[in-house]
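Quick heads-up: structures coming right below.
Shared chain: chain A. Partners: chain B in the first complex, chain C in the second.
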Partner chain A sequence: MGRYLSKKIAIYLITFLFAVTLNWVVPRLVPGDPITSLLARFSGLEGGREILQSYFVQTFGLDKPLWSQYLGFWRSLFMGDLGISITRFPSPVIDIIKTAIIYDFIILLPSIVLSWIIGNKMGALSGVSKRADNFLMPVFYFLTSSPYFWFALVVSYFLGIVLGIFPISHAYSAAMTPGWNWAFIVDFIMHWFMPFITMFLVQLGGWAIGMRNMIIYETNTNYSRYMESLGASKRLIRNYGYRNGILPQVTGLAISLGTIISGGVLTQVVFAYPGLGYTMVQAIKQSDYFLIQGCFLFLILMVLAANFIVDIVYMIIDPRVRHSYSEEA
Partner chain B sequence: MAAGSFWKKHENLYFAVTNRKVLFGVLMFTAILLLSVIGPFLTPYEYDEFAGPGYQPPSKDHWFGTTLQGRDVYTGVVYGLRSTLLVGFLAGTIASAIGLVVGFISGYNGGRAADEGLMMLTNVFMVIPSLALLILLSAYLPYRGIVTQSLIVSATAWPWTARAVRSQTMSLRNQEFVNLSRISGLSVFRILKEDIAANMFSYVFMVYILQFNGTILASVGLEFLGLGPTRGISLGLILQNAVNWNALHLGMWWWIIIPGLLLTLLIVSLYFINTGLDEVFNPRLREM
Partner chain C sequence: MRKRVALLLVVLLLVFSSSIALAAERHETLVVGGGPWNPATNWNPLYPQRTSATVGLVYETLFAYNPETNVYKPWLAERGEWVSDTVYEVELRSEARWSDGEPLTAADVVFTYELARDNDLPYTPIWRQLEEVNELSPTKVQFVFGDPSYQEWQIELYSRPIVPKHIWKDIPGDQLLIVANENPVGSGPYKAGEGGSDRIVWDRDDNWWANEVFGQPQPKRVVEMIIPENNVALGMLMQRTLDLSNYFIPGIPAIKNSFGLNTWFDDAPYMLQANTAVLYLNNQRAPMDDVAFRRALAHAVNPEVIVERVFEFMVPASDPTGLFGGWMAYHDPDVAREYGFGYNPEYAVQLLDEAGYVDADGDGWRDLPDGTAMSFEIIVPAGWTDWMESIRIISDHFRAIGINANPAFPDQSVYENRMFTGDFDMLINNYGANVSGSPFTYWNWIANHNIHREQATEGNFGRYDNQELFDLIVEFNKVLPMTEESLAIASQIQRILLEDMPAIPFWQNGMWSTSQSEWWTNWPSEHNPDGYPSTWGGYWQMGGVDMLINLRSTK
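This part shows the complex of A and B:
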């Protein structure tokens, strides 16, 4: 169990190291010298000269050798200094990210958890009933094959434009001031619904297909046959199949987190929902490099944290991992 | 009975052509492929030229309607489909090639340092949200062609194949016939080629289909963000234009629904082929 966790943590640390290094290397490798152009843009802003002094000279240390630039990059990272946004000058990148990440959580967390639970149940239903299967399978395949952003557009067209129930962009109406009053909460939920349902439905299909295949596979195994010959009820056999099918689905969740969060980025862009993804894409349009890098880093951190939680859940529900850990099992 | 012995010899092929899922998938995929191949010859327009009045729903002259600027949506879609299929094919192939090499080396050396190192790398790439990495790379590249895009997309897609191939290689590695080849003094390359790869062909083919799907989705996502190839047309770009020109508010459903629907059907068809083949190669699932 200790080995299981420490191996996972090692992978996460290396991923983090890799991401930070990439963040540092990419702007230095590409043509066009983004840093110089940023320097020029900053020096034109009021107070920009001081920023140049503190940030570029200390953190980037462009006059120093490369290894010391790299160490400086890490040092400022640990002090929570991700630079200053040029489009929202003079807000620090870290402050922008702190606000944006809340929107990621409220869309991703419920959509991932609910779609996983409901998807598994529906997949199990589809796996045991041929009639349900004939109808549900094509639906699941359609959902899981839809690109997130296209599905977001379809949802937005039907629910937002044709039926006109939900507002089609932003996190709340421009006229509203955020606060704990009823009107704002309703407005907020109305804006939240369409990005949520998009994420929920597209993910649902994948989980359902996975569980359906697992159930069919499990009910054809020798232990199921044996139980059947002993006179166990269909229901009991199915329940065992479900419990065995759940484990690969948890692993599947860990593997898919990157894809899901990528889908979240695109969904946010369609609905102009101001999470990290939307912020990152806006930052690209304005070549706000510090903000791009900050968002990238936090998207990775989010995936790592989510992976870690899934690992712990896996450890809790699989006794084999709890008691001993072997790679091949 | 010549026909009977033919099917006996090619049992898997028999199950493949009689499997409803495979047939359905192949038909749909072929139809979409044909559309991308001969579609451009059926239109008198260029994808970027003014083809008629703007804001027209599908009609006899413009099968998929026109955009706000009077471009023919059908023309854009068939050309875009070509580019999307090309990127999917290139990126899927590159990613599968990398994944195969990593998977073979890692699986054959299971448990040793080479395996540990490669798996570490694979897991790192698996964890990174590909789109975020792609955005970061694309954001700093001022000019991008189809090949650049394929390379960028495949850079984050290969770990899936690598992991699948590794686990298959590891289970094959300890089989009797592989041991026999090893003590007969066959080179590692020949063992991998003749004993391991040959026995994994069906499996690798299915992984390739999924890889193709994944790379298409990733590249269309990039195109939608405006980070695809800097020239030409693609399905993602059509959708991006539609959004930028407020097609939603204007109720121009043909500009939004049709390109995405074709893309979704393309991916559905490949999933059907994949699931059907799974039943063909895996008799346990076939009984259902």
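This part shows the complex of A and C:
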């Protein structure tokens, strides 16, 4: 058990180191620099641009050699300092992320958990009922093959523009002031619904297809046939099949977390929903090094943390993993 | 079952009651989009990258300027004039007050300028021409110049926010650009409200000093939504959740009537003009260093095709001089007629043939007179769909007369880097060609003299070198506006630019503005030209606040 964990943690640390370094290097490989971009449209008295330029370069330490910027970056990172945003000067990046990440959680967490649970149940149903299968499978295939941003546009068009039920963008209405009152909560949920349902439905299809195939496979295995010959009920056989089928689905969840989180980024852009993804796309458009780094860092952390949780869950639900490691130790 | 019905009823009731409450607030809220790209984090009037509406809504300028009517409207000032060649005097309005109740006086104006004299601020260079600023009385300010630049001063008058001395005098010099200035104390009609990461909120100051002078702005609250994609802005207009969009939205002419959307003009060109889009030619590279070649290019393109296919008639083709709006006061129609250019491919071919740009090797493309093959790349930033389509058309037109030109779309930061360092053949740009109170803005950008350095950031990206023209532009700045002398210099500048054609103005980008009238009416338009329908940074004092005053709620 301890070995299992320490091995996993080591892998996570290495991944983290590489991902964060890449994330630091890539924006800096692009020709040009954020200050020039920031001031590209500066209009004013001649000479004003130079004054600002030198001021910014000093403030953000961009005049230092790259290696020293890189070391400084890690040093501040360990102290929880992600720097100051260039485009949202003088807000610290960590403050911007703290506000944004809430929106990621409220979309991603329920959509991942619910789509996984409901998708597996529906897939199981599809696997045992031919009639349900004929109807559900095309829907599942349609959902799972839809790119997130495209599906978001479809949802936005039908539920937002054509039917006019849900607002198509932002976290709450313009005339609203945030507060703990019913009007605001209802308004907030109305705005939350379309990004949520987009994420939920696209993920749902994949889980359902996976579970359907697992159930069909499991109910045709020797142990199922043996149970059948012993006179076990169809229901009991299905339950055993389901429990065996769930294991690859957990692994599947771990594998697809990266795709889901990047899908969340695009969905947020379509709905102008102000989470990390939306913030990061804005930052990239304006070459705000520090904000890009911060957002990306948190997206990496989210993927890693979620994977870690899945790993632990896997260990708990799969006795083979649990036993293999504890016996060796 | 009964429980479920009850639950459903409760939910419906909640949704219903909250929508009623919302509608009441909505009638007092103006929702706009297109100005800011980031949420509000900075309300510092001295810092140019501040939340843009800070100047105009919270801090005010001495004058306002309406680019459509070319009229300077005294704002904090009651009047201002040149009392001699080097002395400008401003009489302030005695009513002017800060939002904390303190009077706004000459001392604040003097302080605002002396702040830039004693510290390094973006407007510190004004002291290259200014010698002293004096408080003659609590409402009278005197600006004494050494060597006044009259044209720039006109722009300065409506650009510089006046800051309260009693607050800013306590801020140390090295903090002036750093402070975020949350809870700004200004003199304007709005105060910073509580925004979010996807919006900026401004709450009306009901005690604004000018309620009696100019009238009270109607929206109790102005909300600027941050919208990352143009199609979202269009959807919000259709859903009636956005009142005014200042984004470029393709297709407006086609859907305008069916969705009840308003534009400035009922018909083409629909939009007001905001700036001139110019094709920069790299004058440092052959054959763009040859006047005949440059003039041939100018005659080879039909901008009407761009206007029609890319912009659906939402913008007009540019005048050959590149001037528009208030700048037209200096336009010389004779020069434009005699030296101007227009779509004439036969003439372009003739110019090229005469100058020796013929197809020497028989590959179908023209070559340099010495026989070397030529090919060109025209660049605009990736994702700027309107410009991308435009340079496809321009390339086609060049290719039609045998010039091998190809469009390319680098990322914006790469594009800007190549533009500033002169690493390009041709590109479209408009950064410094924005509407202003003086054509000096345009000329000092298209033929800027700061080209002999690593990065040319002030304009003239093609690095066209003509000292005579540079001197004329400086001279234009240094003579009193709209005098015979200044008009004569303006004509000469236009003639040289047209004769030499260092860069080619092709079309005018629009002051994109589309509104709907579900919640607010009386939008500024050709029928109601009082105010300017823009929420872009720098435009609030160019008629944006007038728009807020003139709007009417539909309640």
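As a working rule, the second predicted complex is superposed on the first by the 281 of 329 C-alpha atoms of A that agree within 3 Å, B and C clash if a C-alpha of one lies under 4 Å from a C-alpha of the other, contacts with A are read in each partner's own complex, and residues count from 1 in each chain.
Just so it is clear, a residue touches a chain if its C-beta (ideal position, glycine included) is under 8 Å from a C-beta of that chain, and two chains touch if they have at least 3 such contacts.
All of these numbers come straight from a predicted model, not from anything done at the bench.
When the two structures are aligned on the shared chain, A:144 is found in touch with chain B, with no touch to chain C. Of the two partner chains placed by the overlay, neither chain B nor chain C lies in contact with A:110. By the touch criterion stated above, A:176 is placed in contact with chain C alone, chain B being left untouched. Shared-chain residue A:167: touches chain C; no touch with chain B. Once chain A of one complex is fitted onto chain A of the other, the partner contacts of A:156 extend to both chain B and chain C. Residue contacts after overlaying the shared chain place A:304 against chain B, while chain C stays out of touching range. By the touch criterion stated above, A:292 is placed in contact with chain B alone, chain C being left untouched. Of the two partner chains, chain B and chain C are each touched by A:270.
Looking at the shared chain after the overlay, A:72 reaches neither chain B nor chain C.
For the contact definition in use here, the residues of chain A common to its chain B contact set and its chain C contact set are 30-32, 34, 156, 160-161, 168, 269-270, 281, 285. Partner chain B is touched in their complex by these residues of chain A: 10-12, 14-15, 18-19, 22-23, 26-27, 29-32, 34, 138, 141-142, 144-151, 153-154, 156-157, 160-162, 168, 213, 216-217, 220, 255, 257-259, 261-263, 265-266, 269-270, 280-281, 284-285, 292-293, 295-296, 299-300, 303-304, 307, 327-328. Every residue of chain C that touches chain A in the complex is listed here, in rising order: 14-15, 17-18, 21-22, 25-26, 28-29, 31, 37-39, 41-42, 47-49, 120-126, 128, 152, 156, 159, 177-180, 194, 196-199, 221, 223, 225-229, 232, 235-236, 238-239, 241-242, 411-414, 416-418, 420, 431-432, 434, 441, 444, 450, 455, 457-458.
By the touch criterion given at the top, residues 111, 120, 123-124, 126-133, 135-137, 139-142, 170, 213-214, 217-218, 220-221, 224-227, 239, 242-243, 248-249, 251, 253, 256-257, 260, 263-265, 267-268, 271-272, 275, 278, 284-285, 287-288 of chain B touch chain A in their complex. Looking at the complex, you find that chain A touches chain C at residues 30-34, 36-49, 51-52, 55, 59, 85, 87-91, 96, 99-100, 156, 160-161, 164, 167-178, 182-184, 186-187, 190, 269-274, 278-279, 281-282, 285-287.
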